[in-house]
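Each of the two complexes below includes chain A, the first together with chain B, the second together with chain C.
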Partner chain A sequence: MQKSLHLDPNKCTGCLQCEMACAWENYRSFTVAKSRIKVFTFHREGRFVPYTCTQCDEAWCMTACPVDAIRLDPETGAKIVLEPTCVGCKVCTIACPFGTINYVAQTGKVQKCDLCGGAPACAKACPTGAITYVDSDWTGFGKMRQWAGKTDTNPATV
Partner chain B sequence: MAWTKNVLRVNLETGSCTTEPLNLAWAQDYLGQRGLATKYLVSEIDPKVDPFSPKNKLIFVTGPLTGTMAATGGRYSVVTKGPLTGAIACSNSGGYFGAELKFAGWDMVIFEGASPKPVYLLIQDGKAELVDAAHLWGKTVWETEEMLKRFHQDPQIRVAAIGRAGENRVLYAGIVNDLHRAAGRSGVGAVMGSKNLKAVAVRGTRTDAYTMADPEAFMRATEAGKQVLAANGVTGQGLPTYGTQVLMNVINELGALPTRNHRDIQFEGAQAISGEAMHTKRPTDGKANLVTNGACFGCTIACGRISRMDPSHFSIQDKPQYQGASGGVEYEAAWALGAANGVSDLETLTYANFLCNEDGFDPISFGATVGAAMELYELGLLTKEQVGFELPFGSTEAMVKLAELTARGEGFGKEIGLGSKRLCAKYGRPELSMTVKGQEFPAYDGRGLQGMGLAYATSNRGACHLRGYMVSPEVLGIPVKMEPQATEGKPAMLKAFQDLTAVVDSSGLCLFTTFAWGLSDIQPQIQAACEGDWSEERLLLVGERIWNLEREFNLAAGLTGKDDTLPPRLLKEPAKTGPQKGAVSKLPQMLPEYYRVRGWTPEGVPTAETRTRLGV
Partner chain C sequence: MRHLIIGSGPAGVVAAETLRKADPAAEITLLCGEAGPPYARMAIPYLLKGEIDEEGTHIRKDADHYARLRIQLVQARAVGLDTALDTALDAAQGQVRLEDGRRLPYDRLLIATGSRPSHEQIPGMDLPGVHSCWTLEDARTILAQARPGTRIVQMGAGFVGCIIMEGLLSRGVELTILVRSGYMVRRMMNPTASGLIRRWCEGKGVRILTHTQPLGISAAEGALRVALPEGRSLPADLYLSVVGVDPNLGFLEGSGIEIGHGILVDATMQSSVPGIYAAGDVAEAADCLTGQRRINAIQPNAVEQGRIAALNMAGLPARFKGGFVFNVLTTLGLMSSSFGEWQGVAGGESTEVLDEARFRYLNLQFEGERLIGANCVGFSDHIGALRGLIEGRVRLGVWKQRLMEDPAQIMQAYLAAGPRVA
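Our next item is the complex of A and B:
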């Protein structure tokens, strides 16, 4: 079964544990500037929104890469960057409509979410359940359940 | 190493920014943050210095666990000699700023001297420079942050700034970071203003600035800590749901909620300004005051309140900038802006709180000072002509006006900006000031909770609930239940709390973890992060050393044991209602015992033996 990261902004508190977990996984550092998942604060709306790569099937970044450095991980469905192949031309960062693949000056390569090979560190670190790693075919399950709970099975007759 | 080992020294006089290595021997003795910066300050300034003199210094400091995955590992402190008290001032803040400073590679920034013109400090990793802030002077904290991000074209910059309160030297001006998190108390923002320093803007992207001593053990220890927080009723449910406001009804029912400048000890309007009320839909617009809860950096508790006001409230009708969501009231603020003045309109409190964040002043000292002014007004010692408007207890209009005037230093706001000690002295009734060492009480009455009375009287930064939170044993039964009116065992318990708190404040962690965590939960996290031996015994010794160092500074600054006291109202006027009816503070019974367990003389001075034992 393929799994996807499921992000629920309503549960997010903006604690950045996910960002630290991501940076730790890839850099052994807590510096959130290196995280591939970003949590945005919309202060005036009182909303925190975690955001990262959705692993498009027909991924713009993958299609755009001139040296074929972005490949499909058949296990997880993730589009992953092959660092030794990447030439740092940044075409993928232009191609991606969502901004979730970015250049890293420190390495001269690009980076994006790779689902940590099937055990995403952000989902494990999130204390609120705002990030979960669920069956790709059922990312709507939670919302369906919520609406199902609102169904009035015994409508009062008027 | 969990320390970056780098100190940034900024000479505001000459404009130079220099790097020096952290004194690692001191780090072993004082851990970090509060303790370590105090050691630097005490070693570098004359304790008798005028807090507003360029000779005073201002230190921003992180802890070894700041910027780590330890739950709540995002705190920083600001340490200086405080203008409100003339004592050591150390204010702690959360948000994201502290971690960013660490990511940029700094344990500490020491500001010395005063700048001839307004400046801000820009830190981008290892690069630091002072930049002209003429265009920012006179702006609010909120405007300043927005302008800095726009000017530097970097929305990821974190900003700590003073508002107009700090510029105008409101004696309890704070430093606000990330829009609504504050190093709020004791006037650290006024010192910053006196140095012509408007803001510190920082962006940190280094991955090599510090490491954990034992990374695997650190991840294990912090994960275990998070599970304890999640499973605990206070940190896992109470605080996320109600914030610290979970206490409002509890403390009121217990008869320990100071009301109308401590004339009363219960507030009839408590329910209306409580955490529960923040969740209740307003009749006016059908929405609740509370929008959501929010966390500081790395925090798995998330006590923060994000509120949205009723847009039709009289205070903000034509002011769109206050109609969006922002930092809502926590318990101390709700008390100070509400019960302390008899104001029971949650929307008024929220507005005043927004202004405290926007212009950088401490809602506790501000609200308590307004309460004192209202009492002076009701006694006829202040008149409508002097104030400019009516100032009776309970007036929402007066609260709104004073919140607007104080930071700007306009009208009667200028006098409110002096704090209650100076205000009450000016109008001939110094005893009506509800302060210790010049700093206003927070939201617990020292008659209702005897241990809190002792904690206030002995706190090194003036009246404060964050130096030894005796509410834990006296109300919540943590770690053991102590009766509110009992005195026995409280001096020793308070000492233990004060020392433990000094450790937590020096580590980078939030004190609120201690509702769930004991030292045995904290110790493995510090041990795994920091080189050296950090046994529980050693940590408590570090805490005790910090407490005594602060005390020695205060004594050298001219304070004495006589300042370890409470206003006559608490010592003589019995509580009027509720379960603690008839109670006065039994401070005289507890203080000698406290000095004894501290290893101090009957005059409150550390004995030679204590000094040697702690190496202070």
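Our next item is the complex of A and C:
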């Protein structure tokens, strides 16, 4: 069974351990601006929503890449950026309708969550269980919508 | 079943690969108009910058990729098309005429011939030193001729004109850009965004002359002279003509295929002639925002249309949900992007934030409680969510007003209002 990141905003306290773990894992630095997982703050509601790539089946980023720089990792199901092949054209960053693949000016390449090859550092670092790495049928886009909808900010729920 | 695809850009390559998956026994031929393996024009700016070699522009990296998938690459240009409908089989049984006199028969045809550069109608366009910047061959020519101190006059500051500037400047050239209108990238950016891009380029040493259209080019003393209105002229070693593109349709004359601006297609990407499909920059398909058919010459659209066309060619029904225009551009390191109805619509509302000193700008356009368009300069994070919100036709609810007050809350709005894409 393939595994996916499961993000539960109701358990997120906004501590940003995940962002620090991600930046450290990928850049050996605690520059959270470079993190591939982001915690969004909802000031009015006092809520935090962790958010990153769901490794969606459509793989808009992968199909939009003009030079085949985004590939499927058969082990984890993650769509991963091959940095040496990426030319930095950024087409994937507008093709992904979730906004989860982003350009990094310092490297001239794009970056996205690659599930750390099967041991996501964010999940390991999360102290409250808001980020867990679980069997895939628990996550996916439908679940993501559910958790996005669980915030009190959704007009449908207020 | 013989599948023939004309054009080996992203739409053609993805269509060929999709056909192979969908129809393992089929004969698949990919007609390539240029020598060498299929490549991505999107990568040419990075070749000019010297960041990649030619192999880095290839759409697929494995040398035997096409052979392994039994996709036959034929290098030749199509010059004509004979269509013939076999009513008994309800199939097209035509042939494509090639410039070398050969004829390629097909059962299903995909036209994915993309665009070609628009031709300026002024004297001197055939002089040595006058080039377009569209093909790998153009890039090789420019790389061979652009050296430190080379005087380049470039006509046009649209998407291509802007995205190649960094590569040109990296060669140490003196660059002058002529712009017919008052604005750079005016098909993509509003005047504020365009003005930021202009000021950014000028700050990097590019001379930009707006409201300027050359009258002609002549050879003078081993160089070129570009004649401008009011008796002015500019010396140049290289003249680059990048004034936009047109769909590559010339060979379809007399074929009977219905053409508007491009090849008119239905939701299966089929043209008016059964068995003949079109995808990518030549196809005029429905826009999901306006419902009107239009050419949408962007990479994600090309690959999606190529995929849909191929599935239908293989007999697996698939429908194109309709695209909309969005694009991303980097001009000398300044990133900008444009989505949907960025000009706004009658009765719509808009909001923006501008930080001129830091070259940051975000403009959002709404219709009712939906986001319908955006222009961004200097914003790179999570901009894909703008596509999600627009294409998903997300009702923003309370987030409409919050975005009106603070457009930078776009990701919060996205997460809270819940997109309906995919």
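Methods note: the second predicted complex is superposed on the first by the 137 of 158 C-alpha atoms of A that agree within 3 Å, B and C clash if a C-alpha of one lies under 4 Å from a C-alpha of the other, contacts with A are read in each partner's own complex, and residues count from 1 in each chain.
Convention: a residue touches a chain if its C-beta (ideal position, glycine included) is under 8 Å from a C-beta of that chain, and two chains touch if they have at least 3 such contacts.
All values derive from a computational prediction rather than experimental measurement.
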item	value
More chain A residues in contact [chain B versus chain C]	C
Touching partner for A:111 - first (chain B), second (chain C), both, neither	neither
Contacts of A:88 with chain B and chain C, given as first, second, both or neither	second
Partner chain in contact with A:76 - chain B first, chain C second, else both or neither	neither
First (chain B), second (chain C), both or neither touched by A:23	first
Chain B versus chain C as contact partner of A:49, first or second or both or neither	second
Doubly contacted residues of chain A, that is, touched by chain B and again by chain C	none
Touch list for chain C against partner chain A, complex	10, 14, 40, 42-43, 45-46, 51-52, 56-61, 298-300, 303-304, 307, 326-328, 330, 333, 335, 337, 339, 380-388, 391-392, 395, 397-399, 411-412, 414-419, 421-422
List of chain B residues in touch with chain A within their complex	67-69, 71, 96, 99, 103, 156, 179, 203-209, 211, 215, 226, 230, 240, 291-300, 302, 304, 306-308, 324-326
Touching residues on chain A, where the partner in the complex is chain B	13-17, 20-21, 23-24, 27-34, 43-48, 106, 125, 127-128
Partner chain C, residues of chain A touching it in the complex	38, 40-42, 49, 51, 56, 58, 60, 63-64, 66-68, 85, 87-103, 105, 108, 141, 145, 148-149, 151, 153-156, 158
